[in-house]
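The chains carry the letters A, B, C and D, assigned in the order they are written, with residues numbered from 1 in each.
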Amino acid sequence: MPAQIPERYAFLGPEATFSEAAARLLPAAGALVPAPTVPAALDAVRQREVDGAVVPVESSVEGSVNATLDELIRGEPLVIAAEVLLPVAFALLARRGTVLGSVRRIVTHPVAEAQCRRWVAAKLPGAHITVTTSTAAAAAAVAVGEPGPDGPFDAAIAAPFAAEKYGLETLATAIGDYPDALTRFVLVTPPTQPPPPTGADRTSLVAFIRDDHPGALLEILEQFATRGVNLTRIESRPTRNGMGRYCFAVDCEGHVADARVGEALMGLRRVCADVRFLGSYARADRVTGSLARGTSNADFTAAEEWLGRLRSFGA
Amino acid sequence: MPAQIPERYAFLGPEATFSEAAARLLPAAGALVPAPTVPAALDAVRQREVDGAVVPVESSVEGSVNATLDELIRGEPLVIAAEVLLPVAFALLARRGTVLGSVRRIVTHPVAEAQCRRWVAAKLPGAHITVTTSTAAAAAAVAVGEPGPDGPFDAAIAAPFAAEKYGLETLATAIGDYPDALTRFVLVTPPTQPPPPTGADRTSLVAFIRDDHPGALLEILEQFATRGVNLTRIESRPTRNGMGRYCFAVDCEGHVADARVGEALMGLRRVCADVRFLGSYARADRVTGSLARGTSNADFTAAEEWLGRLRSFGA
Amino acid sequence: MPAQIPERYAFLGPEATFSEAAARLLPAAGALVPAPTVPAALDAVRQREVDGAVVPVESSVEGSVNATLDELIRGEPLVIAAEVLLPVAFALLARRGTVLGSVRRIVTHPVAEAQCRRWVAAKLPGAHITVTTSTAAAAAAVAVGEPGPDGPFDAAIAAPFAAEKYGLETLATAIGDYPDALTRFVLVTPPTQPPPPTGADRTSLVAFIRDDHPGALLEILEQFATRGVNLTRIESRPTRNGMGRYCFAVDCEGHVADARVGEALMGLRRVCADVRFLGSYARADRVTGSLARGTSNADFTAAEEWLGRLRSFGA
Amino acid sequence: MPAQIPERYAFLGPEATFSEAAARLLPAAGALVPAPTVPAALDAVRQREVDGAVVPVESSVEGSVNATLDELIRGEPLVIAAEVLLPVAFALLARRGTVLGSVRRIVTHPVAEAQCRRWVAAKLPGAHITVTTSTAAAAAAVAVGEPGPDGPFDAAIAAPFAAEKYGLETLATAIGDYPDALTRFVLVTPPTQPPPPTGADRTSLVAFIRDDHPGALLEILEQFATRGVNLTRIESRPTRNGMGRYCFAVDCEGHVADARVGEALMGLRRVCADVRFLGSYARADRVTGSLARGTSNADFTAAEEWLGRLRSFGA
């Protein structure tokens, strides 16, 4: 991901979303283009209209973003080239001159509604919340005085940086239940050689089990465990062929260039109906996972040399 | 679940949603009360305002309904008392007199948008889709001629049975990408003795791992595998204590009254930080899972008697 | 094993074997009767001619004593009631007046020959070793001046205490390669209620796999691992039905009265073709194995109470 | 193992043992040299006095031959180059003119005694059996009229082919309890390139666990299971460093040149303190083990090519 040539990225819009904020943190970010939905953002990559797309993939509060996972699982292959961790804080934004105590009609996205409901109930007992398609759309609705159920919206729950974008005033900040909430965003690009290992890497993939036998998931986990590869996340996603048929989206520590990860991937490939590689990339948290005894690249090389000697000389 | 005394259930509203259709299939269903959100429906149960709530828990296309899982995982304990499988088909509904070829402004829920996008692009190339909070709300918006981006909405993508409810005409049916799509709904009640085993049962629970060690999931799966209990689903959900901390929502075959399920649950309870039981109930598909050798109730009883003899007589 | 009433034990003879020395260490040992072979000693128990038999079961140098294992595996059931650990040291014994340097013809048991060969080669380079059926028999042969290949035997390699028994003189002690060698002896009795748990117990059993499928051993080990029961030994023994058909003799930590051991035994019983219990008894080394989290009797009781509440009240 | 150049083999003697019979079945067998013990036979190989040694390694009745295993486990490395399966039948041999009914004093090896005891008790109720160091030695003793406890031995229990060797007459054949008993013999040579795979091969090795943790054996078995390699035998043998410290002698299906076996060996090498390779060689029973899905050499090659593409192109 050379920083010198600015790249053109789609992001989950409209403007002033957390996705846009995440995109701005990428070293090579040049032109940023809003897309109305995650599928639209990724389609823009598939059509080569942009160099990449920045979309949310996981929230510390809500879990996986299924729309993103499902788009990566299906359709023309794409890979993750980078990740960004962003604190997700909510603010109450209103047109200039609005007094906090007078806020009655609030608009926001359902996720924000869920996380700020307690604050609203405590601080604005009489207020009513209406939901819309994004927090940025909510801010826009307040800015133009869009009518709510019984009069124009008084305030929006949105990202703090939406205030500037939509010319709104900040009435309150950090109003969510989870002040430490984080969202993980990824830069998705067409398939290409993964960036070089940094020592603190993550590898993402999807494993399609061959048939729905009971031990299938156990078998998948053992392919990783036997090679000392730690999983950081596993999600079952329906294959859409009927209730109870799943594939598994997996994140593991390490890089496809690491011997232990490579061998685990090959093992998966052999026992699964299909494996889709979704990229190896530097972890945003820079955490270097602990390496179990016998699983370093040097250990793999030593074992390979030993095997070569056995095959040629018997000892 | 005695059918004779009608019970009062909340459902995920507004009226004419799939949840309401699912609720009507329950033998004891009496009065049905719409709730605006899944949390609201379950809170009504917790407040004892209703006897139960009918909410979607899993879709063959979209996977788990996280809002439902997260509500069951947290807060005052609730249990699942029954499940219903419902085909999820989409129809294009409009005010009487509307001609299919003239439809330009469509409104629907985002999930329906995702599944009907291809049909709209193929059949109504110039049409534009706006999203709202539910398919029933979309139908209502069309019924009252609510204004869309550039004029009143022409049509809604909604459940077929919403046509009658909102006085709309059906322009097209089965317009979704997945004509065989199914959604699983559950009846959630306050904790109570589970219904008796039927021989085709499911047990739901949530396992909170003690710490985030790599083999934790493997350890959980082995508690089931050793007792011959098949899992039908596993989902990781964030515990909201930081990125990468999960609990696991698990569905398994069998009933808590079955010896093998009981022993697996006790095993989980011992190795996990916490286990929340979410109910044992008859499977809607009536599938009798195959029983591995040595895992029937009779096998458990025979082994227990044998152990008793060893402890008393040494043979 | 009440010490007050002396019991009559068979031991692997002749007199002055390590087995006799082990038998003398048992609190209830009364009359001791030599038996020519392990099968003969155990048959005496089966015929109720003696109260028990003391036989070697495992050596830190030679491993399992197959004759003992095979006798316990087959025939009328017997159980182990106690164990004794004995240092196994070898001495060179000769008739009075013999000078070490003049020893040329040595007689001993093959196991002793294997362990003392180096010492003999270093100290008595010209000496020749002949093997016989026990170290005690070797001592007896020297005592009576039994003829060897080219003249009467000069010395026997035997247990140090055989010197007194056979009126021989000790020319050298601790002549084995493994000065710390230990042998484990067991007291075998007819089946009876096991002695009460001491907190440092061992349980022995034999598992007969149902068919010779590749994962059978893995399956057995997992029955223990899932309940946190540590194995201290595992031996495959042929079932004598053809090459490649095995049963597994297992020693594990804990007592059949312990909940975790009981559950593991019941699990084995369900997945195996047959399980033969060989007793729970105090460990001679008094080692208290570490207890994995969640595997104490109290943990099992708490889990059982929790399950009872789920079954009755759903929470 | 080219048949054209005759090789010189040591065998477990004296002459007319089953080991000699096994050695004669090897295609390259030339001069055959008796050795008094298994260690002596293998030392002759280590000293390059012979090209190989033929020794028993496993009996369908008695299990592993510990002396052979222990010699292969320790000392200068050796490998197994071939195996031979031999039926082990026992005959009652006597000097010419002896009448079966008059046999009172029998001599044999303890293993033969154990297996023929029932026959003797049934057919020769008054007879007494004395044990010696090998069945061939017993035959020799009868041939020379060696004195037993109360007169010269009347008959020996030995291999049928010992009759000719020692000029004895066969009074009865197939007198053992296990008429289908087989013994597996191996040709042991200095380390050298293994013979080419035949499709029905066996690989032998010894795994030394790093420390005596409870799950160590499970960990070893999983290295094989994950790669679909079936074990045909596993034996724990003491490392002689104290009671309870073991290494594991393992036989598995397949050849070190097979990809799945090679990867399993490398995995073992990484998790174990040490692994000693004991050879890959054609199975005497010509059984082609079934190959689990995804474990053929072609599957490994395909997975390796796929990994190469991921590492270079991301898809």
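As a working rule, contacts are C-beta pairs under 8 Å (C-beta built on N, C-alpha and C of every residue); 3 or more make two chains touch, one makes a residue touch a chain.
Remember, it's a predicted structure, so these values are computed and weren't measured experimentally.
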**Prompt:** Is the contact between copies chain A and chain B built from the same residues on both sides or from different ones, judged by whether over half of the numbers are shared?
**Reply:** same
**Message:** With centres defined as the mean C-alpha position, give me the chain A-chain C separation in Å.
**Reply:** 60
**Fill in**
Note: chain B sits from chain A at a C-alpha centroid distance in Å of 24
**Asked** Mind pulling the chain C residues that touch 2 or more other chains?
**Response** 222, 225
**Chains grouped in pairs wherever the two touch, ordered by label** = A-B, A-D, B-C, C-D
**Prompt:** For the complex, which residues does chain B have touching chain C?
**Reply:** 77, 79, 191-194, 210, 222-223, 225-227, 256-257, 262-263, 265-267, 269-271, 277, 279, 293-295, 299-300, 302-304, 306-307, 310-315
**Residues of chain A touching chain B in the complex** = 37, 39, 58-63, 66-67, 70, 85, 110, 114, 131, 133, 178, 180-182, 184, 214-215, 217-218, 221-222, 225, 230-238, 240, 242-246, 285
